[in-house]
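Two complexes are shown next, each including chain A; its partner changes from chain B in the first to chain C in the second.
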Partner chain A sequence: MRPILLHGHTRSLTKVKYNRDGDLLFTVSKDAKPNVWFAHNGERLGSYDGHNGAVWDLDVSYDSKRLLTASADNTCRLWGVESGKELFRWNTRTAVRQVAFAQGDRMALYVTDATMGQPSTIWVVAIEEDLENQSDEFERKIIINGPKATVASWGDLNKTIYTGHEDGTITIWDAETGEKIKSVKSHDSVISDMQWAPDYGYFITASKDHTAKIFDAKTLRVMKTYTTQRPVNSAALSPIRPHIALGGGQEAMEVTQIGGAKQGKFETRFFHLPFEEEIGRVKGHFGPINTLAFAPDGRSFASGAEDGFVRIHYFDDDYFEFNYEEESLTA
Partner chain B sequence: MAPSVNEPPARNWADDDDDVELDAANEATLGLPETVTVEQPDGTRVTTLWKINDDGKKVKVVRTTRMRLIKSQVNHAVAERKNNWKKFGEVAGIGAGPDSNSTSFAEKVFLKLSSTVKDHDAPPVEEEGDSLKKALAAAAKSKISCRICQGDHWTSKCPFKDTHTPLGDLGAAEVKDSGSDAGAPAGAGLGAGGKYVPPSLRNRGPGEAMPGTGSSDRRDDFPTLRITNLSEDANDQDVKDLVSRFGHTSRVFVSRDRETNVCKGFAFVSFYQKDDAQRALEKLDGFGYDSLILHVEWAKSNRD
Partner chain C sequence: MPSVQEQEHRGDHHEEDDELLDIDFSDIEERYRVDMPTGYETVVVVDNTPKVGEEKKDRLLNAIKKIFKDIGDIKTIHMPMDSATGQSKGYIFIEFETVEQATQAVKLGNGHKLDRAHVFAVNRFDDIEKYTSTNDEYVEPAEVPFVEKEHLKSWLADPRARDQWVMMKGDEVSIYWNNKSEQPDLDHSRSNWSDMYVSWSPKGTYLATFHKQGIALWGGPTWSKINRFAHPNVKLIDFSPNEKYITTWSHEPFLTADGEHHRLAIWDIVTGRQLRTFAIDAAVAAGPEGKQKIDWPMFKWSYDDKYVARLAPGMISVYETPGMGLLDKKSIKVDDVQAFAWSPSEHILSYWTPESGNIPARVSLMRLPSREVLRTKNLFNVIDCKLFWQQSGDYLLVTVKRAKSKKATTTNFEIFRLREKDVPVDVMEVDSVLEVTNIYWEPLGSRFALLAMEGTKIVCNFYQMVPAAAPAAAKGKKAGPSVGDVALGVKLLKSFDAKGTNQIIWSPKGRFCLLAGVRAFQGEIQFWDVEELVMMGSGEHYMCTDVDWDPTGRYVTSSVSWWRVQTDTGFIMWTFTGQQLAKQAVPAFKQLLWRPRPPTLLSEEEQKQVKKNLKEYSKQFDEEDAAQTKAVTREVLERRIKLWNEWAEYRNRVHADYEAAADVRANIWGFDPDAKQDSLPEESLEEWVEEVVEETEEIVE
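This part shows the complex of A and B:
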């Protein structure tokens, strides 16, 4: 396959995400300018001007009309996807690291960092249809005592909020009351990514302890573990095949070999989900891969790396036909 | 001009001749048949036309055309975005289509899915079954010879690429040296390659080896050289290529670390002919190979 190379960012990528329909790819990076691209050909549709610091996270509404971004300039902003205009801003005391629309897009959460004496906090705000009524008051505030939250997302039907922490703990919070429901420490190091399965029955986490794990949503039991030799920065689940993709890499200063000029050596690794075995790799990035996302139809995936590039890969036909021997045995 | 029924349906302007009337006249005078369009029962149109090409030959062109209307269902919102949304932000005002500043195609990458992937970092295992490939590779090999070391690889793939002095040239330098003033000290201090040779090793004919190498290892009673300061990248084939140009070798042993399989830095080469070994010693000692200077000497056997 020939990946489409997007070079619209001048600094390393922090997040790439497809919209629900899969035709748009949103990318944010440390360069303060989120971009949106057409996924089918990599054509840039636009950029969102306004942030003054690194943008750590993004989320897009179900109808692809609104975009939320979380930034290190102490703001969380709401944008009109089509117009590129900023619609609303929440000011915070510290950098905002995570942001997520709730299912239904009527609420959102954002997570502020634990710096300058402030504790790591999850803020839940209401999103109004008519932005005249939009207020920046929070509906709920959950203060995290202890290791700060590095990833956060809504659980099924917005009843719960799931967070991953910098010591490897996963916590479930009640979204209504803010109480901690459950907490499990399965990883040994900071959780860098958390992505849900489409049915919200399980999710996959990526951690700097060189592993990625699949957790059952209700019990937080570890269902699968995938081990690599490098810190895993991002993990994604294929919507149509029993595969997962992991992206990570060494810190830049540990790299001793200079890669070839045209193509880097950092790879996205594919694992078989139930068998936990590595089945293939895709090379190309010049720096550690920070973020991965499968397109909703599972026929392509996008990766963003430290090198400032985003690569959209459309799978060749043989990807869809690959099966283990055991898988092709008919019952 | 509205196309008449007899003209071909989708007329490419590039195919049009400049002077249509002239051609019509030509057709009439040269007696070429008229163009005919036939509708086939399966919906295709077959057009047959005759013309004279540049060589003056009569040419019959048969064009088969099928028109097909492809309908695909697209998500309404997706179509809306694709067709109607205007660009904004940094790309406002840029025309339709990917901008080459921000979008390009990268080099081809391959995702080869395999259930038996063990360790990608290890060198790929050769597939035994590819005998045809091997035969082809062998055939190709015999015709390729490197200008630098005369091995059977391309010059640009030569392991001694960085030496700048092809081994052939060393021989030429040798001839030149003997002819010039440097010829005088040749016998005294300089060896064949213009290199200093200590007195104990001078004036040796092919028959004389270093004292103490009389009784060699039983495994090889042949003159054996020891090559040290080999680079880590050297594998058996590289060393073989390196020495094979001096003569047939009975044994080439490259020492490897047991776990990492990397070359430990030295190798033993046994030649059939003593003078092959002598020439190899003279040429390879001090030879730059993969950024290290090789050191070659007669192998000391019967170590304690």
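This part shows the complex of A and C:
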């Protein structure tokens, strides 16, 4: 099927994310203007105006009413999804890299960058139902000594926080005490993405070391490894099929004029999850893919790239018909 | 042959990690050990001098000084006297200024006849001690127990007659069995096996690895060490065609026993003996234009390893193996000789000399050891010649570049027919718009390919040598619209635009060839059948650096080496028709080399028989292949089933954990977030689509 191209950003995409119902797609980029789109036809619903710098991350609440954005303008902001109005703002000393609602949407975390003498820090804040009571005080602050955190998210039941770091380590923190529970270094380079399985048993990471890996959430044991020839910027788990999608490509600055898109390999690559075998590729972007997301129903996916485009691809019927014989053979 | 710079480049990336591969060179080092200076190395001892009294001492010393006067200044001279008899003791010490002078004094003075009774014995002072300490008693050498060596050609006995290749990836060197499109089988693998690159001997018997201390050769079923040649920092090697000898080269000179600085050594492979070393100063090695690239191989072997020849200014020096002495004790004097080449099947040397004064440029053929000149051909206005021998030595093609006007040049071919009486020469003009890049002879055939530039366009031509009798016949039926008739005896088969090509690689069995654009080009490969003159297939291996045939001419590998390109290294395996069999991305891939095969032992008659009965054989092979594929498929299937079951089991466990915490979760949310959503009211989406049905324009007054 023809992809839907979303033109709306003037700079490279940093994150795309569906709401829980899958009817809306939220996108943020380095152009300071988060957008929301109808996922089924790519029509833009609106934008969230106010940031003064690149927006690095976003999260949307379970009920699709509130949106959190993390920006390089030293703010983390809460928006009304429908109104497009800024509801609240946390001012920080450095750029905000990551943001995530906790389960229940009554808490959130954001991560500030290690620059200007500030350490990389995880801030846990309460989110009030009634904005009158909303405070800019933090509930908890976890200072990360060592390589800075590049990705962060909540573990199941808000008991833990998982961070991925610049040097390829993954750390589990106790969300209540702020203590480090476990840390492993299974990647050789920056971890650029971390996405959870729906039941929080495992998650997938993408790394500049050209691989994506699936980790068991409890033990941080590497369950699967997917190797490519280019840095991987994003990795997503299909909610309905045993497949994963990887996006990445040669760093824009390293791509030569002659080689172009061919050499850069700006493709979304699909792998069979248990077999670790490649099953397909989707081309189209002419810059590295920075972010990928499966629609919650698993029938489409969105990709955002360095070229400033977001593409929504609906799978053809034969994608759903495709099956390894072995999947039905049980010994 | 790779250039020297890149090999140095290769060498740079290795860490000094010698302990992993402990090659013991100590015994060789012992054999070629250079003694540390003792302080007496400039002193020689002259024995068997007349015993004289004090009165004759000065006369004798003067006579001796006279003998050695040409060598250099004598620093001191001392004649010990026997105090009991008042006579001299019959020997004299002479100290020279330099070691070289002392060496020369030994050469010159030893055996000098002063008179009938006194024949001098001159030795280095340091040696005297060595000789006197030698035990005079004969000690029978201990018998070395016979150790059976491994069969060096064992790989040829593979039941499926598969070929091998060696692959270098990072610091790891591995030898694989080729399995067509299936995964190759690993035969042997070692880390840090070579400090630079690896190389096969021409018949595939030995694998050569490079080390700081020298070269090591490996082979046999267990890849044990066969021999090693101590040559510090060796950079280049060259095997003789029959794997009897090996030439090694290092940029850094080593010190010989005679105290000279040498860079090149020739060795006997089986015994490991160093046959001869050569100084070769760096300026000569660097080539006439002062380029850093040295002309390698510097010593060219005759087809049967009997002679090895080298170009020197104004002469060709031919050495005879194994003694490595000059053939007939003198070099072949050829004034201003520019280049030479051996016939690949006979003891015939070809060489050319440029114009000088009234003498025209000349291409000559000389038979050895008789030094009889078989044929010369005079040429005029020559700028440059290049010599291309056909592999079986039937033809020698010389490309002659001439000045047409001040700027333009033209090229023509002079083709020597070695198999015919008096060696007739066909002359063929090449279209003057073409600038010839290279010539490629078909191995075991009479065709050749030409790659040329026409402006910026790349042109490829295929030619066929016509047997001597044929041209006349061809001339008779001129009516046909043949593309030939370029010259008598050479027929142009096809000429076409070969965009993106900079190399032609013939199949080792002839008939098929590849047109490839490698290194500076994009990596396009065309697969040609020159018999039918059709392109059978084409492919692309982006940024590909090397393209090679397997020794049987059935497979082709194209590869991207990390030495030249640092992204997407790896290789692609193709069939000879251009069908892609397998693509492998190998990080830090450096080198893939097919193991050469020795020539077949079947007679021509037997080969014909095989060809005739090919159908029967191929049936059997097809069955074997099918069985192999089936086995592989089953293996893959079993692996997948195992993975699938393991994953399903893991998923269930994880999901059970999640379900178990359902209450806690509901507490956090205030509801069950995983409840099925059908309780929610049905949402209907309305979409407005506007469509212009008709558009009319009216002007309203």
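By our rule, the second predicted complex is superposed on the first by the 318 of 331 C-alpha atoms of A that agree within 3 Å, B and C clash if a C-alpha of one lies under 4 Å from a C-alpha of the other, contacts with A are read in each partner's own complex, and residues count from 1 in each chain.
In this section, a contact is a pair of C-beta atoms (placed from the backbone, for glycine too) under 8 Å apart; a residue touches a chain by one contact, two chains touch by 3 or more.
Predicted model only: the values in this text are computed from it and were never measured.
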So if we stack both complexes on chain A, do chain B and chain C clash, or do they fit? clash
Considering only the touch criterion stated at the top, classify A:Gly104 as touching first (chain B), second (chain C), both, or neither. second
Tell me which partner A:Asn41 touches in the superposition: chain B (first), chain C (second), both or neither. both
Check whether A:Asn158 is in contact with chain B, with chain C, with both or with neither, and answer first, second, both or neither. second
Report for A:Asp316: first if it touches chain B alone, second if chain C alone, otherwise both or neither. first
Going by the contact rule set out at the top, does A:Phe270 touch chain B (first), chain C (second), both, or neither? first
Just checking: does A:Asp199 make contact with chain B only, chain C only, both, or neither of them? Give me first, second, both or neither. second
Check the residue A:Arg281 against both partner chains and state whether it touches chain B (first), chain C (second), both, or neither. first
Which partner reaches more residues of chain A, chain B or chain C? B
After superposition on chain A, the chain A residues reached by both chain B and chain C are 41, 262-263, 275, 324-325
Give every residue of chain B touching chain A within the complex, in rising order. 75, 77-78, 81-82, 85, 87-92, 97-99, 101-115, 117, 120
Enumerate the contact residues on chain C facing chain A in the complex. 542-543, 567-568, 585, 637, 640-647, 650-651, 653-655, 657-658, 661, 664-665, 668-670, 673, 685, 687
Interface residues, chain A side, partner chain C - complex: 40-41, 62, 103-104, 156-158, 197, 199-202, 216, 223, 229, 242, 250, 259, 262-263, 273-275, 324-327, 329-331
Listed in rising order, the residues of chain A that touch chain B in the complex are 1-8, 21, 23-24, 33, 35, 37-38, 41-49, 63-64, 82-84, 262-263, 270, 272, 275, 277-284, 311, 313, 315-316, 318-319, 322, 324-325
